[in-house]
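Labels for the chains are A, B, C and D, by order of writing; each one numbers its residues from 1.
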Amino acid sequence: MSGNTLGKLFCVTSFGESHGPAIGCVVDGCPPGLPISAEEIQIELDRRKPGTSRHVTQRREPDEVEILSGVFEGVTTGTPIALLIRNQDQRSRDYGNIAETFRPGHADYEYWQKYGIRDYRGGGRSSARETAVRVAAGAIARKWLQERYGVVIRGFMSQLGPIRIPFESWDEVLRNPFFAPNAGIVPQLEAYMDELRKSGDSIGARIDVVATGVPVGWGEPVYDRLDADIAYAMMGINAVKGVEIGAGFECVTQHGTEHSDEMTPEGYLTNNAGGVLGGISSGQDIIVSMAVKPTSSIRLDRRSIDKQGNPVIVNTHGRHDPCVGIRATPIAEAMLAIVLMDHALRHRAQCGDVTTETPRIERLAPQGVQRVPPPRA
Amino acid sequence: MSGNTLGKLFCVTSFGESHGPAIGCVVDGCPPGLPISAEEIQIELDRRKPGTSRHVTQRREPDEVEILSGVFEGVTTGTPIALLIRNQDQRSRDYGNIAETFRPGHADYEYWQKYGIRDYRGGGRSSARETAVRVAAGAIARKWLQERYGVVIRGFMSQLGPIRIPFESWDEVLRNPFFAPNAGIVPQLEAYMDELRKSGDSIGARIDVVATGVPVGWGEPVYDRLDADIAYAMMGINAVKGVEIGAGFECVTQHGTEHSDEMTPEGYLTNNAGGVLGGISSGQDIIVSMAVKPTSSIRLDRRSIDKQGNPVIVNTHGRHDPCVGIRATPIAEAMLAIVLMDHALRHRAQCGDVTTETPRIERLAPQGVQRVPPPRA
Amino acid sequence: MSGNTLGKLFCVTSFGESHGPAIGCVVDGCPPGLPISAEEIQIELDRRKPGTSRHVTQRREPDEVEILSGVFEGVTTGTPIALLIRNQDQRSRDYGNIAETFRPGHADYEYWQKYGIRDYRGGGRSSARETAVRVAAGAIARKWLQERYGVVIRGFMSQLGPIRIPFESWDEVLRNPFFAPNAGIVPQLEAYMDELRKSGDSIGARIDVVATGVPVGWGEPVYDRLDADIAYAMMGINAVKGVEIGAGFECVTQHGTEHSDEMTPEGYLTNNAGGVLGGISSGQDIIVSMAVKPTSSIRLDRRSIDKQGNPVIVNTHGRHDPCVGIRATPIAEAMLAIVLMDHALRHRAQCGDVTTETPRIERLAPQGVQRVPPPRA
Amino acid sequence: MSGNTLGKLFCVTSFGESHGPAIGCVVDGCPPGLPISAEEIQIELDRRKPGTSRHVTQRREPDEVEILSGVFEGVTTGTPIALLIRNQDQRSRDYGNIAETFRPGHADYEYWQKYGIRDYRGGGRSSARETAVRVAAGAIARKWLQERYGVVIRGFMSQLGPIRIPFESWDEVLRNPFFAPNAGIVPQLEAYMDELRKSGDSIGARIDVVATGVPVGWGEPVYDRLDADIAYAMMGINAVKGVEIGAGFECVTQHGTEHSDEMTPEGYLTNNAGGVLGGISSGQDIIVSMAVKPTSSIRLDRRSIDKQGNPVIVNTHGRHDPCVGIRATPIAEAMLAIVLMDHALRHRAQCGDVTTETPRIERLAPQGVQRVPPPRA
């Protein structure tokens, strides 16, 4: 299968360039009978869309989604669901000057050498604009997971550059443009971003995502493990350079007695595994963390080469996010939703008949939020 | 496709349980004409096999591989290559006592709840024993990548629990049982492990893998990015909880001016990208780092439950690696080789005709080793 | 992968219902650098579109295609090509009366029982309207196969109900609405169809497709044989109930001395194999034949049941093809093109390096047309 | 996925050459909890194995199967099931003389030109010997389909060269070496074969396969239709040149009033559809027919070329089936079983929750056998 399809049974096939006529996707394999509307998908898209605060790109894209197929009288029919988002604000003139050069940190040189041709307008296919279709497809997966299994998927920013953001509450995430789970720290984030914008530079971030309510048993070892597919999905988000499940890199210095989560009839005592053991969900919260690199499009001068291999100086004006991590939270949630739904269907295919007498245990703590994310001292 | 096949065009389908009659795999899609022998594959297997030092499990498995098909008169024919490794040292009696309980940190509970049945002997399918077949399949991929493109894939241990291991030279990696790239630190590692073994506990580790010589252009965005597939493959190794490409989580605190790798006609000035941009190889070294959790099988008492959900105390005697990270290096190399070969074929399928006039640039430094791994202050 | 994607490397993902807002597809994996335009695709669509003669459905669909992505400055970029065709002439009122009943010979009952929901308007997803997107995607494959390998794909009607249509010339195929390769027989076909329309009944047909210029070596045995994938693609066309390669069912009564095609340095002496041996193209013409069943939508009364299982009488007015075989030729050509292109890429992936000294032989006859289709006495 | 894996969720990956050390397969995706033993699989293998009568090849292969994994304490565990069959009777010397030439009607020339290398011993990978593993894998699918859904899959020879074999009873199929469903005709078949063997020539055959008890709803349109996947599987059997579902090519001359199967509350009145409508099973018997070409290995002289392209005369002694169709019945049954099981799982994945109030109807006739195969006047 070529590279633009995500999932084995719940399949999202994406298309579209940043400055072409449209972006969109085909979602194949969705179970029939799910009530879904363009309005519900729009709610998710609006969380990711540009221009919502002064800290993100000012490109004006309403990101209005149209459902072209697969939904009849308000519910999914089991046939492919095509979603279409027309591009509106294509200021290609911003990009004419980069047609002959390669922006460092972008995929310009790589696309050019791979394909021998390159849609240079706004990064073309490599633009983060494509992630809108992931959010749209993810909205369908979230709805189904919630309705069918009560799974809730939520993300937040846990670090902006040097500023760690202690988790306080999920409610707060919805109230600020950073997806920060902490009201008190927002002024500090705003000040940092205002300063950064002035400097012309950009900064990285860390995003955490948690899925609550995933039943034990999802994941297809030994290769298509749940955590392996999550890592694939998250590393496949533009600008992500690292992925952790549960304790993540902290496990390097942990002892077995500290890391492995003890079990009691009342539930697990800890969740260093991040909800996945042996590639299969354990019934605990799925906890994922990822590193988002700083935007490569900055106003400051950078050395590069042109198509002939001559040295050039590149700086990028146009309209860009100084921290792409800010808008990454809804994308990461969507990717997790798509992976989980795909595995729910895969599990049902092979093991739909399985029952055991063993009670299902979950996290011990009633909320579990306290342990999210794992402490980073 | 079910979960035991790795790769889209270079496909490794794995089978076998820790204490069943055999483990093995079918490698489908290998180009014809590659000289390969059981002896060559054996060399790689011997690097991973148990019992090679006092710091790893003492299970005695010669891991002798037999080629059942796909090779004729010493070269691959283009048909499926079946590799078979008979299990020799199956002391199932070690495991009878865990048939009714779940070992914390293992996948016992998850396999049981997913499948409703469980081969409890030595972890069955979830055992790290299965990774031998990855190493065997990886040996074929390494050979082809080396012959066809000059790609060299090498890994090393960069941290053992609290002990960071500064990179000194590749040569050293081959001379100690830890795959440590540093002779001076080996006594410290040995002392640490001896102490650990006595305590009955286990410890985590960090492994780095580097591929040199990968040409620009491999990777199939937007989903099957080279880095996404690497993350999938690495997170799919038993006990891995985190994966980084290039700067990895360090990018969270980096500015754009620091992170994005400037280009000159002589080459890239840095490699924070770890050799992948926009999901496509850049021509620089591919640099991957992963966290391996501490072994869950320890002699110390742990709380757990049994099949009826009653509380029990579990401790694991048998023969186990106190640090599974020690034997992870050849596995990680093999996984990277398989992913790279798969992408080499995928790239050739779609873009086999592409040429550009733009010169191919690579890393600036003649060796590049200095920047491997990225500094972790 | 869910069921609406065709191909492994050249992947066509289809969407859309007969009476929804639009139909279309995403073509992923197309090599970059292929010049293609909406106008070129439109030419193929116009060959299949309804309303072109009195012998086909009178639904008025311009079938105007829009390219949404993947083409920049007139050439493919290697990224997904999205094709969109808006539905124009949706007279859903024609179908209100079938919402509660199942039309015999259609998939109404099957869709209902499978999905528990059904877009009854014009057959929804099961409508032959969906085949327009196959023709559109096939246009891209044809162009590439022609440019890159000189492959030419042509089909014709070889039988309409009881009337066998002897092959005379390819030129004639383009000059009549039946795709009949024989001018003299056209009046007979017209008279037959006029009579049939009056009767309110429908009729079957046989379609043959030939690909000339396919090099030796395409096909991935032992399962993904070229002929197996062709059979899959052709049987996957609405209303097809049988597929033959080369001699087809005639081989049942053939002896080995008659069937197996002798080879000489000048070429093969016959082509009973239909251009495929052992699942791999032989260098001869690929010859495929298929049976298209009579349209199930007829004006005459038929017994059926309703959703509650009660007996009902069904007859279908609306606008229908009395012989769906008439418009099947361009669809069959498109499906063959898509399969061949997919296999061209698959072959290049694994065997892109292979060369032999053995001369490539092809069909002996300079044109080969004489033997197309295999004689049916 | 490379070409040696059959199925999307129930996946059979095949390996092995005719005269290599072994053949076998990995069956991935089998639901856990199915009781299965080597003995049960052996029963199926014995039906296909060579040397069972004077009318088939005299190669002596016990075809003894070993289960290497995936089965624990007599039941499947949900992990990959590896099946191994060692080759015993490899008289490679029979084939030394064909190493430099290409046997007409075989895939020798095609393998050589595709792969640039060729295991010439007994046809290597292209040998029908590989079909033993399909039968072995199919035995698992048959068992599961029978246990879970009551599906019964049975095949028979319906024509041997010029001799049509009227269907009389399933019982008879088991009592003669031809799988003929008619006792009276067996002497005629034996006489025909004896004569044929003397002549040194070979002959084609027609095989029919029927699956009874398949519930309505299996199949994944619009591409992965049940009939499309059956056509793929059947055309993928060595020597098959044509596939029909239900009325097959007879539908060319049928009217809609004759072809489309009327429905009543008591069931369908006919089964021209062969149990599949719109690519989805209808609840009626699945009826498949296929044409098997005459064996290409014959003792009579045939013109061909050698590796240098020079003309040669080829005749094949060795040990061969004069009618490969005779042993094709168990293979066709196995392939149908594998496809059906794969679709059962795929259907469950997407539509496992679906229910309707509409009663399920099946074939009207209590046995349905009367209409099998469709009449061929």
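Just so it is clear, a contact is a pair of C-beta atoms (placed from the backbone, for glycine too) under 8 Å apart; a residue touches a chain by one contact, two chains touch by 3 or more.
The model shown is predicted, which means the values in this text are computed figures rather than measured ones.
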| item | value |
| --- | --- |
| Longest centre-to-centre distance from chain C, chain (CA-based) | B |
| Winner on C-beta contact pairs when B-D is weighed against A-B | A-B |
| Inter-chain centre distance, chain A versus chain B - centres from mean C-alpha coordinates, in Å | 25 |
| Length of the line joining the C-alpha centres of chain B and chain C, rounded to whole Å | 45 |
| Rounded Å distance, chain B centre to chain D centre (Cα mean) | 39 |
| Where chain D touches two or more other chains, by residue | 1-5, 8-9, 14, 29, 32-33, 78, 114-116, 125, 346, 350-351, 354 |
| Touching residues on chain D, where the partner in the complex is chain B | 1-5, 8-11, 13-17, 20-26, 28-29, 32-33, 66-70, 72, 75-82, 84, 114-119, 124-125 |
| Residue ranges of chain A in contact with chain B within the complex | 1-6, 8, 14, 102, 104-107, 109-116, 125-126, 130, 159, 161-162, 201-206, 216-225, 227-236, 238, 241-265, 269, 272-274, 277-283, 291-298, 300, 302-305, 307-311, 346-347, 350-351, 354-361 |
| In the complex, chain C residues that touch chain B | 1, 8-9, 29-33, 78, 148, 345-346, 348-354 |
